[in-house]
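Common to both upcoming complexes is chain A, partnered first by chain B, then by chain C.
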Partner chain A sequence: MKAARYIEVGQMDELGRLDTPLHRLDARVKMAAVVLFVVTVMSFPRYEISGLMPLFLFPFVLMGSGKIPFGAIFKKVALALPFALFVGLFNPLLDRTPVLTLGPWTISGGWLSFFSILLRFTLTVSAALILLACTGIYRLCAGLERLGVPPLFATQLLFLYRYLFVIGGEALRMIRSVRMRSAGSKKLSLRIYSTLTGHLLLRSIDRAQRIYRAMVSRGFDGQIRVLHRTRPGWRDLLFLIGWSAFFILVRFYNPAVALGGWLTGEH
Partner chain B sequence: MRTPTLEIKNLGFCYPDGTEALYGISCRIEYGEAIGLIGGNGAGKSTLLQHLNGCLMPSEGMVLFGGTPITRETLAEVRRAVGVVFQDPDDQLFMSTVFDDVAFGPLNQGLPSAEVAARVYGALERVGMRHLSERPPYKLSGGEKRAVAIATILAVSPDIIVLDEPSSNLDPRGRRRLINLLRGFEQTRIIATHDLELVVEVCQRVIVLDNGRIVAEGPVREILDNEELMLAHGLERPHILRHQHPH
Partner chain C sequence: MHMADALISPAVGGTMWAVTGGLIAWCAKKIRAVHEDRLIPMMGVLGAFVFTAQMINFTIPATGSSGHLGGGLLLTALLGPYAAFLVMASILTVQALFFADGGLLALGCNIFNLGFFPAFIAYPLIYRIFVNASSSRLRLWSGSVLAAVAGLQLGAFAVVLETTLSGISDLSFSTFVLLMQPIHLAIGVVEGLATAAVVSVVMHARPETLAVQDAERPTMTRRALIWLILIAVLLGGVVSWFASGRLDGLEWSLKKTTGHEDLPAPEEGIHSYLAQWQEKTAFFPDYTFKAEEAESGLQQEDESAWPTVDAGTSFSGLLGGLITLAVAAGIGYSLQARRKNE
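Coming up: the complex of A and B.
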């Protein structure tokens, strides 16, 4: 199915099914580590750049140990990057306080905070994607439930993810049929677009309903159940403690500054 | 244990938008029977099927399973006993692997892991798809998807299997395999289809629907061989009955 390949349906699912030590870790432990990571990234002051650098170790080590290809994560981060660009767009214009001089160039606080936003965005989004890729949506949602998240929310998240692909596939089929009958013209008029989106909504609702019926027909009652319930062991504990220690260390001690200080003999 | 008989009493259904879909449907289906539900497009076949496990609730009359009416209270029990194989296998297969999809029902029944795995492999074995257990469902062929969709229902070991257009989009070999499979089931089978030859091969009894009403009911050969009746309701006398010898 070409459509499936186009929207990469299942690439994350496929990654989520790999069997590596990282995948075998308890979903809750991985979630906790990622949440701590995000909190650490966000807690840095607004102009921080060098202090964020060591944090890249986290996504890269996870990708390495989880056999997650860099491209799979990078492409999806790039896809969402425009949002971060818009968030930070006005910083260089609004905040012109010079904070740094590099030879002839003076860098304003706005630019620094802009780059800082991009870095934070890349770090947090890639961490979330890696979490999904090394756990799989189903175990992730089951883990959320076990963490005490109300089943309603966990199920919502699960459906949101499942139907995303359903709607994507539906949209592709509709666009294909429009293309086939639009006599070679590439442009679609606004009127056609509005009808298409309306139809897409109706069709997705229908389809979502059929999928839901298939689920309740097999006894789905709103609780997510998984076959192999993991019980956190010493590995999981070690994973969480190790990374937490790393985050705390990086937050309060900037290795780049320390290295610079050591090289120049200043303290 | 009660006998898993299905009884429909004076069932009427009207869609929320006012479209009347079924009127005064009454019939009784005994355990182990294979029933063909036939009729033209829009005759009400799918609507009727949806009443059999409570996906739709009747506007009038009732559906009784094992003597008790299907209501919100008995829904869970009915759904455990009546398995529905949907028309489009893509609606039925929503997990990331075939194994997980087949395990979905047994897990919801709260069975222990070992039992779940045994059920999954048993069901996949039955439809000849065990080798696909680790594959993602959306990568399967149409015939494989259909077989796996049937396995997802077998895994919950229902007393009644309801199938909506099971042979649509299947190639001849896939269709043949499906027919053999359906013939081998000991459970009650209710098959809504346009594939009249399949009905002749699998079912003993047939119910003809037209415009939301039952217009004929009886032994397969007797009904399907009645050319006048068939043509009057948008159907035709199946080819297989025109020949003295099967081919």
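Coming up: the complex of A and C.
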């Protein structure tokens, strides 16, 4: 049981509850900006490295203005890295075309595309995490619903999130008691797993039935009404237009290469 | 099996977003139509349950390694396919946002790969045929394992297709298939065991919870269909390991058309099509295209040097089997849908 993961959920939740100008922006413009950002990152050709660099401005500015600690985001990115590494590592093996010489070293196309994959991974994953950290799940779900996502799905997200901590806590207690009775052995056999998880499921079902009765007795009629408070203002519009302009600029004009050319005197 | 944004092209990611978005809207409509308010808190809490259960590991018998529940099949057995698909979608969304498991662009792909196949194919076409409230233990365990394996094989194959179509990884289609399918065979068995383990407890303690699955008894034609699918997959995956190169027309025709016995390197197949498309749409066509040309020359050599795994034989068989399965499942599903309307 990776209890640490729950603590991290708690941390993201705290970050999402902060109240900075960035947090107060309309959730929809933040979602739109992040989607545009991810599409921009992934639209670069496969060997691109320098052109991706200016895009780091987006996560850094957001983390900075949203009071989100850099370490919190990068730790999560590093934890999620293995899959991209696993698939990306075949590129240097398969693609050995020399494309670049740096003094005595020759760099193959495979290594370039591998590093490009890692950069893309870091950019896109951190953007998703930052979106949540600077919006919070409640504002995000309300925004999703206003964007036309079926209300049932938005409600489902909120319910899942709400009961994650409850069911997770219950599972932690059950596992702790199993460990205390199993003389230091940390592994669960399939038989014990089966009863443990089965009973967790039964408890979850009972809980869902109690929740339903409680909801009905408070007038639940099948609809969950979310309070919409934010109205997009000029700040929100400025945020979206500003970042969109930046993404388009960076996509067509590579400031990193221009800077390098200027520094080395080449054109 | 979560795919990451870094390996998905915007075209593939966008398409899968549209497909998944449509499925979510459709499922939401279906659930609204039955007016089962009770389902709303149940979906939320069971989502939290599966999320939690994914973090509880158990020891896999006779191996010493450990595995955990994926949950798609179990959710479908408890909630029915529409609600289960929505719950899986919500779990994957929370994972993408909180834990960086998969990305936003890849979210559509991930929901489809891990939600659609168990809920709409493996459950109705395999699990339901084997398992009902009065099932023997053997039927429960074998049905769960077979359904989970089929669901994960299809999901893994979709991952390969989506990655290859995106063209960011250099892994060729056939190599990637050979990496993914066997791994997910093992994962599928574990998923099946875990599902059966949990269901058996519920079946024993609270059989009425699983009432959903008895609403409709499978008919003889569906049974026959299932056996056909299973045999097709078995033949495709296993028999072709032993088959000669000429058994299956695919390789022979490849040799005839391309002069190579191997499957074409990515640059020749789907890729050349995408590259052409990319050339038309790209902002700097020369840049990407030159590189691709230079690379494809060298890649041919590398492909032949690439170890002794003979992708061709079992790949063509597996592909044939999977396509058969997909077609069969499609027919079965449309039949089921028609029967529900009657």
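Observations
To be clear about the criterion, the second predicted complex is superposed on the first by the 185 of 267 C-alpha atoms of A that agree within 3 Å, B and C clash if a C-alpha of one lies under 4 Å from a C-alpha of the other, contacts with A are read in each partner's own complex, and residues count from 1 in each chain.
In this text, a residue touches a chain if its C-beta (ideal position, glycine included) is under 8 Å from a C-beta of that chain, and two chains touch if they have at least 3 such contacts.
On a predicted model such as this, the values are computed, not experimentally measured, just so you know.
In the superposed model, A:207 makes contact with both chain B and chain C. Comparing chain B with chain C, the partner in contact with more residues of chain A is C.
When the two complexes are overlaid on their common chain A, residue A:14 makes contact with chain B while staying clear of chain C. Using the contact criterion defined above for the overlaid structures, shared-chain residue A:173 touches neither chain B nor chain C, since it reaches no partner. Once chain A of one complex is fitted onto chain A of the other, the partner contacts of A:162 extend to both chain B and chain C. When the two structures are aligned on the shared chain, A:220 is found in touch with chain B and with chain C.
Looking at the shared chain after the overlay, A:235 reaches neither chain B nor chain C.
Of the two partner chains placed around the shared chain by superposition, chain B is the only one that A:136 touches, whereas chain C remains out of contact. Touched by chain B in one complex and by chain C in the other are residues 1, 9, 137, 162, 207, 211, 215-216, 220-221 of chain A.
Chain C meets chain A in the complex at residues 2-10, 13-14, 24-25, 28-29, 31-32, 35, 37-38, 40-49, 51-53, 55-61, 66, 69, 86-87, 89-91, 93-94, 96-101, 103-105, 163, 167-172, 175, 193-194, 197-198, 200-202, 205-206, 209, 282-284, 287-288, 291, 294-295, 298-299, 302, 306. Those residues of chain B that touch chain A in the shared complex are 50, 53, 55, 76, 79-80, 83-84, 86, 88, 91-92, 94-97, 100, 103-105, 107-110, 113, 116-117, 134, 136, 138-139, 152-153, 156. For chain A in complex with chain C, the touching residues are 1-2, 5, 8-9, 12, 34-35, 38-39, 41-43, 45-47, 76-77, 79-80, 83-84, 87-88, 90-91, 93-97, 99, 109-110, 113, 117-118, 120-121, 124-129, 131-132, 137, 140, 149-153, 155-164, 166-168, 170-171, 175, 187-190, 192-202, 204-205, 207-209, 211-212, 215-216, 220-222, 224, 251-252. Chain A contributes residues 1, 4, 9-10, 13-14, 16-17, 136-138, 162, 207, 210-211, 213-221, 225-228 to its touches with chain B in the complex.
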